[in-house]
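In what comes next, chain A is part of two complexes: it sits with chain B in the first one and with chain C in the second one.
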Partner chain A sequence: MKDFQLLTTRELSAALQYLASGSKVKLLAGGTDLLVDLAQKSHRLAGIDYLLDISQIKELKLIRVRDNRLEIGSLVTHTDLSENPLTRRYFPMLVQAARVIGSTQIRNRGTVGGNINHASPAADLLPPLLALRSEVELTAQGGSRVLPLSQFVTGPYQTCLRPDELLTTLRLPLPSPDYYGSFQRIGRRKAVTIARLSLALVVRVTNGLFQDSRLVPGSATPYPQPLARVEAALNNQAVAMLDLEEMGRLAGEEMVALSGERWSTPYKKPALASLVKKALLAIMEEVAADGKG
Partner chain B sequence: MSYCQVNKSLTRVDAYAKVTGQAKFGADLTFPDMLYGKVLRSKYPHARIKGINPEKALEYPGVEAVLTAKDIPNNLFGVIIHNQQVLAERETYYIGDGIAVVAARTREAAEQARELIEVEYEELPGIYRLEEARDEPVKPVHPEMADNQVAHHTLRKGDVKLGFAEAEIILEREYSTQLIEHAYLEPEAVIAVPAQHSTLLTIYGSVQNPYATRRAVAGVLQVPLAQIKVIQDHLGGSFGGKDENVSAMAARAALLALKTGKAVKMVNDRVESMLESYKRHPYQMKYKVGASKEGKILAMEIKAEADSGAYACQTPFVTWRSVVQATGPYEIPHVKTDTYGFYTNNVYTGAMRGYGSPQVIFAQESLLDELARELKIDPVELRLQNIYHNNSITASGQRLDNHQVSLKEVLERALTASEYKAKYREYSQRQPGEKKRGIGLAISYRGCSLGAEAIDAAAANIAILNDGSITLSCGLAENGQGLKTIFSQIAAEILGVDPERINYLPVDTSAVPDSGATVASRSTMVGGNAVKNAAEKLKKTFADFVAREYETTGAELVFRDEQIYNGPGKAVTSFSEAAAAAFYQGVLLNATGWYLSPDISWDEETGSGNPYFTYVYGCQIAEVEVDIGTGEISVLRITAAHDVGRAINPAGVRGQIYGGVMMGLGYGLMEEVETEDGYISNTNFDDYLIPTIKDLPEIIPIIVENPDPNGPFGAKSIGEPTLELAGAAIANAVCQATGKRIRSLPLNLERVLIGSSLRKGGRSK
Partner chain C sequence: MEKVKVRLTVNGNSFCLEVGAKERLLDTLREQLRLTGVKEGCSIGECGACTVILNGEAVNSCLVLTGQLDQSEVVTVEGLAQDGRLEPLQQAFIDHHAVQCGFCTPGMLMSAKALLMKDPHPGREQIKTALEGNLCRCTGYQQIIEAIESLTGPERE
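Moving on to the complex of A and B:
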């Protein structure tokens, strides 16, 4: 194992001070990715001076509603996220995604901030959070800035977080009742498995038409990003008249356009089409049950 | 007949120690001044070693020894063929080959120092594909050999040409199965302690086959067997997997212990275990079957080829079991089977629960369903027309006339419990949506114990102490299967005592005669008979003494409920009282039991014989739901009916069924060691996937009992039969659900959705 110093603090201000010091600092929150990197002597840890344990900063563990937004502290664990009454009420899709991450032990330790910052192509929370148009608040000693999540994640395992910044809060606009969502996921087994493919779909249904569609697959593109062409094709379609096969086909094509032909494409193309159909069907059933179809 | 102790679900004798954490496993043990050993393994699957310089490692603080092949008196060992290297000498043959071992005062120091050993390699081209090993033996894996063939077994019955000429339908199909890992919970662990007892070395650890390990260590050190004492600790799973690799580890630890004069502990981490330990043989199989239109099977021709990897290990015997059982339990007049094993530079393959049966069962049971479909006959009807009954002649020419052939019974019990017929009809209808259900079955017969592989005998020691307590030990090892409990039950039944009286001792090779290996689902039968023999001898001595001492006359004494009776009515004396009296009268209440299994035969020339002295029969039925949009398979329920002769401990039998079915499910759906030119890419449990508890289907265990004349209380085997069927049954169920036949395992997402498996290019992950 590599030599480094471990720092710990309960205060956000102290953490920001360490980050501002100019040393190369790696943050330890839940540790579910970091400890694996440490054990494997990952290049991602090359040249770090300090590990900064931020897991005891209480103010980053809150979930609350403010200004018509749900605020989720970056140190909220996946278990907290999926058990919280507010997330359960407003974002069942996010709860569904959080509940299938890793194992019980990983969900008890792993944090929302970690899942986002790690920016893995297979990150389970990124597709739903992107589809829900989340914003991230990035805080440094001098103040904070707020960015759409879609601008924060810039590539596979890459974000635009500056070395002196900490991802402190996630903000999700509360949906109006005419929004519907579905989360789909394929794994090689039923638990403790990385998503082979996942999908988050959010739509508004107005007068029987799809509006404001957001469709984000996971493990499909170099990093999770919306399939804009499918979204455009969905908008203004009548829920009752939708050509599911066509939407699935379009999603497969757009995925290949974004990621190129890969060894896994022959599987992922039809499988993504199936997930798109499943998500649309689930939403169509819900819409019908609400008598809006 | 009613029993007091056997045929009852008594609590496992080791349950309390295991669930409370009191049980000590190999890695838990420490000794004064103990050192830690670590192995430097090869950088390449195939390379010439041009030089090794251990100087820097020796200078590392805390390091006490670095050894290489040149320090080893006899570097080659093996259970069947002696060609496995303790440490690679001139060449490495696979990626897990050890090159040097380090002993240091801490594990960390041993790990650091290992990295400082300088090895000069010349990377060599290797053979990684079975076809290459077979067809182009220009440069054999082992340079001293003419080709790469490890084994070739034949089986011949009738004349297949004649059979195929008579056939009205002929099908030819190819099937393949994958390389898998045992995935025992506890990685390998061994401690070698010098001069602790009067022996040169005492070896403790996670040893599946203590006598094989003793033989290997004595052979490597070139010392008498009597100088090596192997004591087995509690063991966290083996499944056939802690034999040759643990023997190698024990030999390395022994060498370091002798060099330093200190105890040396070696414990693999998971990655080391995955890289070095042997795996299950992947098979490529060609099946040809001929039948009448009505479904009578007339001829079968089979060729099965196994990748043995770098060493012979158990390949000769694994492929032999395959040759015997490859047709499945079907009476076929004309059979021609050939099984082969070939060396490659892949990780070597050896014993794993099933031992050459899961592969051929997957092929043969898939083939039967394919034939049924072609003939438009119900898969069950096709089987019923062809299965073995009493007095059937097997493919090897053996008449099944000494035990109840219960195939029809296990099949019918499983059909009823699974509601097979109704579900088969239901799932044959059109199913809307992407989720399709199916139900499928597989049946098997399995030769009990070693068969004609080797001498098949075991010993047990029982002593009644002067307070009436009892010690029991056997040369077969508790590998988690529950042998301590059922052996205690057998001894308690015969001696008429509560099993609580018995303290079951660990295997100590210096204390009990060599009983062979704990393999082949032989413990209950062969070891159980040895325990029974010891208990009966002891009871006879004890009864003779009691008759003299208490002047009983007439009827035979009855040992029951901790008392000794002279016929019905009042007890003559209690067990404890009589034990004390016997001790003070100088009566030896100590017996060694021995069991040698009945004669069997095998003729390699004619490929026929009576290879096993009895067989067990099983049927498993799988019900699945397949998502044809994503390729996901959900196994809903598995019904497993197994004839065990007699269940000594029904709860233990059910435990074996639950565990075996889950291992079979992993084999069927997800497990696969991925290799790329000899490199193993999934070396830990993050990407070598085994089923989790969430993948557990409903399992309905059905114990069928037809007591076998050769089994203790009629008991036979259960360990391996439980594992060999689920993969095949699931594959048949998936085919019913989707209409698509998949002829390769595992049935992963890609095979189900697009019909072929996909692999990443290159060796990086």
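Moving on to the complex of A and C:
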């Protein structure tokens, strides 16, 4: 690995200036992935000129509500995310997902922006963030653009972030009271484990019918993406009459259609079906408790 | 290679250090400051032997570059005892036989200390969560948990 220089700044404007310089710059925030790459001399760090530490830029550590959206700065750590009163109030699913990332030490350093930018097929935050229809704000010296997160992640470990851009903020539309969600996760053991399979499901319930469904599995497809066929099959179904087996079966089939038959398919197909059923059951119980079923 | 200048407070003492671009907090503590209570186990954030308290939170010192830490505050296991007297947490580890080979102990102590700083009355589940990033290959977890529990008093409802 060639030698690189470490640059640090507390100012977003200075960071953007470095990124615009045309040198090969790699961003460093929480370091929980990057320092592992460094220890293992990963090809992901090959040829970089500068490592740019952005971990001390305070303005990217905010969580606030603005324009009916929750804004999460990209440098918010998983610990901050799961302990924040606003996240806990509006997005318990996100809290649930953030709390099982790595270990306490990892969650104290690892950032939301890093989890998204790394775009791992097993990224814990991507399924819930996609199901919640998040948008990302990408900022460069010349200005910023806002994209749906579903367009930002373009492949396994791939995003459409330009070399001069920095992911600054995540925006989540605040849910109305008729939205329900469930997050499910399987790991090989209880803690400090990569998700073997996960699932985020968000639905609206109107007049006893599922609407506007969004179902995103993790560690199931080359990169986390919605299962559009299951969503379509779910919409307009009566909550009380739902065929859970059928929904589970459809999800397994759609996963295989997206990923192809793999060595893990005999395990993951029924396991995903089971997660879909669990998520739907959890939501059906909640809807019944609210007297809306 | 250009060095980075960093002002760091470690166990209450201020240091002005020059560090390399790839120098981890773990390296600085062990090599520059000779604080060898910080242990290097896996080097990839899995084992927690290198855990220290950074600005009030437990972190793996193998996953932080010292160059990132200007004006930060670090506490290592060497910073627990005051005036030659063990911190109650250290005494509790001794009293509950929570030390076997001892390699994981400094990391365990720092994870436990960070927890107690944040919440003086954690329940058993919180203690387990605080320690989930610390491996003990002698598998003496039970005694470690009991040592910490002995300091927490009645569980908060």
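Keep in mind that, in the parts below, the second predicted complex is superposed on the first by the 291 of 293 C-alpha atoms of A that agree within 3 Å, B and C clash if a C-alpha of one lies under 4 Å from a C-alpha of the other, contacts with A are read in each partner's own complex, and residues count from 1 in each chain.
Definition applied: a residue touches a chain if its C-beta (ideal position, glycine included) is under 8 Å from a C-beta of that chain, and two chains touch if they have at least 3 such contacts.
Computed from a predicted model, the values in this text were never measured in an experiment.
In the superposition on chain A, contact of A:263 is made with chain B only, not with chain C. After overlaying the two complexes on the shared chain, residue contacts for A:153 are found with neither chain B nor chain C.
Looking at the shared chain after the overlay, A:188 reaches chain B, while chain C stays out of its contact range.
Contacts of A:81 after superposition on the shared chain: neither chain B nor chain C is touched. Applying the stated contact rule after C-alpha superposition, one finds that A:278 touches chain B and leaves chain C untouched.
Which of chain B and chain C touches more residues of chain A is settled by the count: it is C.
Contacts of A:196 after superposition: chain B is touched, whereas chain C is not reached. By the touch criterion stated above, A:57 is placed in contact with neither chain B nor chain C. With both structures placed on the common chain, the touch criterion links A:35 to chain C but leaves chain B unconnected. In the superposed pair of complexes, A:108 makes contact with chain C only, with no contact to chain B.
Chain A residues 36, 190-192 lie at the interface with chain B in one structure and with chain C in the other. By the touch criterion stated above, chain A contacts chain B in their complex at residues 36, 186-193, 196-197, 263-264, 266-267, 270-271, 273-275, 277-278.
Only residues 3-6, 8, 28, 30-32, 35-36, 38-40, 51, 53, 55-56, 79, 102-106, 108-109, 190-192 of chain A touch chain C when the two sit together in their complex. Against chain A, the residues of chain C that register as touching in their complex are 1-2, 4, 21-22, 24, 43-46, 48, 51, 54, 57-60, 62-65, 67-68, 70, 111, 114, 129-134. Chain B contributes residues 434, 627, 629-632, 634, 669-670, 686, 689, 691-695, 748-750, 753-754, 758-761 to its touches with chain A in the complex.
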